[in-house]
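Each in structure tokens, the structures are laid out below.
Here come two complexes built around chain A, the first alongside chain B, the second alongside chain C.
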Partner chain A sequence: MSDIIVLPSHALLGRTVDFSIHYLKEYELFGHKLYITTTHVSIAIVMLIILIFAVCANIAIRKADPYKKPGKFLNLVELLVETLDGITINGMGKTYGYKYRNYIGSLFIFLFVANLSGLLGLRPPTADYAVTFSLAMISFVIIHYAGFKYQKLGHITDLFKPLLLTPINIIGEIATPLSMSLRLFGNILSGTVLMSLVYGLLPKALTYIVPGFLHAYLDVFSGVIQAYVFTMLTMVFTAQNFDVEE
Partner chain B sequence: MLNYIQGLSTFAKTAPLLAKEVDDTRIFGIDPQLLADAAIMGLAMMVLFTLLSFLLFNPARELLEKRQQKIDDDLKSASESKEKMEELKLEYNEKLKNVDKEADEILSESRKKALKRENQIIDEAKAEANRIIVQANKEAELEKSKVKDEVKKEMISIASVMAGKFVDESIDEKRQAALIDETLKEMGDSTWQS
Partner chain C sequence: MNSSISNEAFVLGCSAIGAGLAMIAGIGPGVGQGIAAGQGAAAVGRNPGAKGTIMSTMLLGQAVAETTGLYGFAVAIILLYANPLLKKL
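Coming up: the complex of A and B.
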């Protein structure tokens, strides 16, 4: 299965359109032939960017005197943390929301940078189903951990109410991570495919002008929206299982 | 248009052929690679979560809380001092209102005191004057009685002198009259007038 499409010569000068994940290095695990891929490199770069920011923020915070006016960078850090906390508390309520602040914040920052990494010329990590699937599975675990913690056995018995709809309820629960992961994957992959098609098919000169608008929509707008949607859905599904209504 | 369709059909024919040539790429597949990648991503996410919590979220929140605490304290102390100020202001106003009254009181009191003192002084002066007068009267009285005594004594002595002279020279009436005059002259006018 190949995702490098070499267009027929008369269609567009035989230029290649590449939007696939490349295998970089082979390794073996439990008898399977597996590969280190470009996705891993992208993940590493995205994490590096985030961690450099975090380390700078940490240094700024350590240096800062809480009783004095904060500097510009510190202000930015505070704004970021407060906004993410605000989103979490708004989405999950005051009672338990604060417990999830760090994970929701980390998730949003990762998805945000990952989805925007197309702007840096990377293949966005979120355009690999493994990444979105993994994040959706973490969300799935968080959702059902909260379910068992706050609803106790009711979390299971609710599946059989009403009895006739039991299969649909079960499918609904399983569909949650699938829909979340596929939505994010599809959105970002479509953006990646479209961008590589545009870069591959347009005459070279035009690629300096046209993709700007498309990047604005496909990478920035769509990417940020999808990052928000993914975190929002994680929050909503988790908060559904809380034993308090807010 | 025809060219375009031809192009598409050529593409459809060639694409699968090209696909076989390169197979070190992928887009989507449900295979061990997906699970391995998912596991790596899960691990990465956990690492990211831990590091971000440790480096970014918790310290930033701590800083914000400290600042919040400081602002709360400042506001509290500010409102406290404001309350205190209001209290003091009320007290001062009350005092200011009473100041006129107090001043009047003090003035009238001092006036009263002054009047009292004046009266006292006058009384004392009067008493002193009376005392002096009484004393003077007494002294005058004493002097008078002293003078009387002296006059008496003088008269006695004069009488005795005159009697002596009468006896010495039992003389005629002319002589007697001359003697009396002489005696009187000797005594002087002042004896009688004091």
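Coming up: the complex of A and C.
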């Protein structure tokens, strides 16, 4: 799998097309060679953006006067929180939705900013399989935590329900995080590849005009849809384990 | 027959052809997503009140249908840039 992450830059028609992850700094930990890559840098910038927004929101909420109308920024924050809560409760139901809105909300905000970071000229962190796979593994742990919490041992015996289909059930459980992470990775990477091809191969003057439409589709539309889909799939798979019908 | 092509060049060229063939996988998701979008439009036409639910269900189904195409894309990218076949020479 490590071969996918390192993509060498290629020279095409004299212009360079570069969408690879670069090594910036090398260090050793317990005898393994590890690298600080461009993904780390862009993920740090994404984190910084979210952190600044969070600190501003926190200050605005503390200063808020409940007897007055909320200001512009506070309104935006309230809208964001209400939308994310609404999405979670729509997907998971009223009884359990409130417990998972923290994770779902932060996942969506992170994926949203990370997918849109291509607009800032960064290489999106989600175009690195390590990032998407670790996010999918977190979701995997949460899905099965919910399963063991609400169905107790039934979560394991469900795997053997039609006894003949046991291997297929087990493979299906393992394939869940794999397909979730590959979906996000593939979508964002295809956007990155296409954008770098356009920037690399078009004549220099045209690169100020043409990529605008492509950015709108590949970065904004596709990125937002994929962030929504990833959180939605996490919610659907988690909600399968709740034992309550409303 | 005097063939002056080196083994590496042959493997690289065949990898490029394989990458192109792998992207034929894009046909399936395209058709599937189109069918899903058409059914979604029909459903909205029949029941405009449920537009939000129909939209989210349609997007979820389309994203799942897209996965097979992305597997093909992953295979193509690996063939082009990770060159797993060169290591077997």
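Here is the rule we go by: the second predicted complex is superposed on the first by the 232 of 246 C-alpha atoms of A that agree within 3 Å, B and C clash if a C-alpha of one lies under 4 Å from a C-alpha of the other, contacts with A are read in each partner's own complex, and residues count from 1 in each chain.
Criterion: contacts are C-beta pairs under 8 Å (C-beta built on N, C-alpha and C of every residue); 3 or more make two chains touch, one makes a residue touch a chain.
Remember, predicted model here, so these are calculated numbers, not experimental data.
Chemist: Between chain B and chain C, whom does A:235 touch in the aligned arrangement: first, second, both, or neither?
Modeler: It touches nothing on chain B or chain C.
Chemist: After the superposition on A, what does A:189 contact: first (chain B), second (chain C), both or neither?
Modeler: A:189 sits against chain B and chain C alike.
Chemist: Does the superposition put A:179 against chain B (first), chain C (second), both, or neither?
Modeler: second
Chemist: Between chain B and chain C, pick out the one touching the greater number of residues of chain A.
Modeler: Of chain B and chain C, B contacts more residues of chain A.
Chemist: Is A:110 touching the first partner chain B, the second partner chain C, both, or neither of them?
Modeler: Only chain B; A:110 stays clear of chain C.
Chemist: Touching A:21 in the superposition: chain B (first), chain C (second), both, neither?
Modeler: first
Chemist: Who does A:226 touch here: chain B (first), chain C (second), both, or neither?
Modeler: Second partner only.
Chemist: Jot down the residues of chain A that show up as touching in both complexes, chain B in one and chain C in the other.
Modeler: The overlap between the chain B and chain C interfaces on chain A comprises residues 3-4, 6-8, 10, 20, 185, 189.
Chemist: Which residues, counting only chain A, touch chain B once they are in their complex?
Modeler: 1-8, 10-11, 19-23, 29-30, 32, 34-35, 37, 39-40, 43, 47, 50-51, 53-55, 57-58, 61-62, 64, 66-67, 77-78, 81-82, 84-85, 101-103, 105-107, 109-110, 125, 128-131, 133-135, 137-138, 185, 189
Chemist: Along chain A, where are the residues that touch chain C in the complex?
Modeler: The contact residues of chain A facing chain C are 3-4, 6-8, 10, 20, 90, 179, 182-183, 185-187, 189-190, 193, 225-226, 228-229, 232-233, 236.
Chemist: Using the touch definition from the top, list the residues of chain B that touch chain A in their complex.
Modeler: 3, 7-8, 10-11, 14-15, 18-29, 32-42, 44-45, 47-49, 51-53, 55-61, 63-64, 66-67, 70
Chemist: So in the complex, the part of chain C that touches chain A is made up of which residues?
Modeler: My answer: residues 56, 59-60, 63, 66-67, 70-71, 73-74, 77-78, 81-82, 84.
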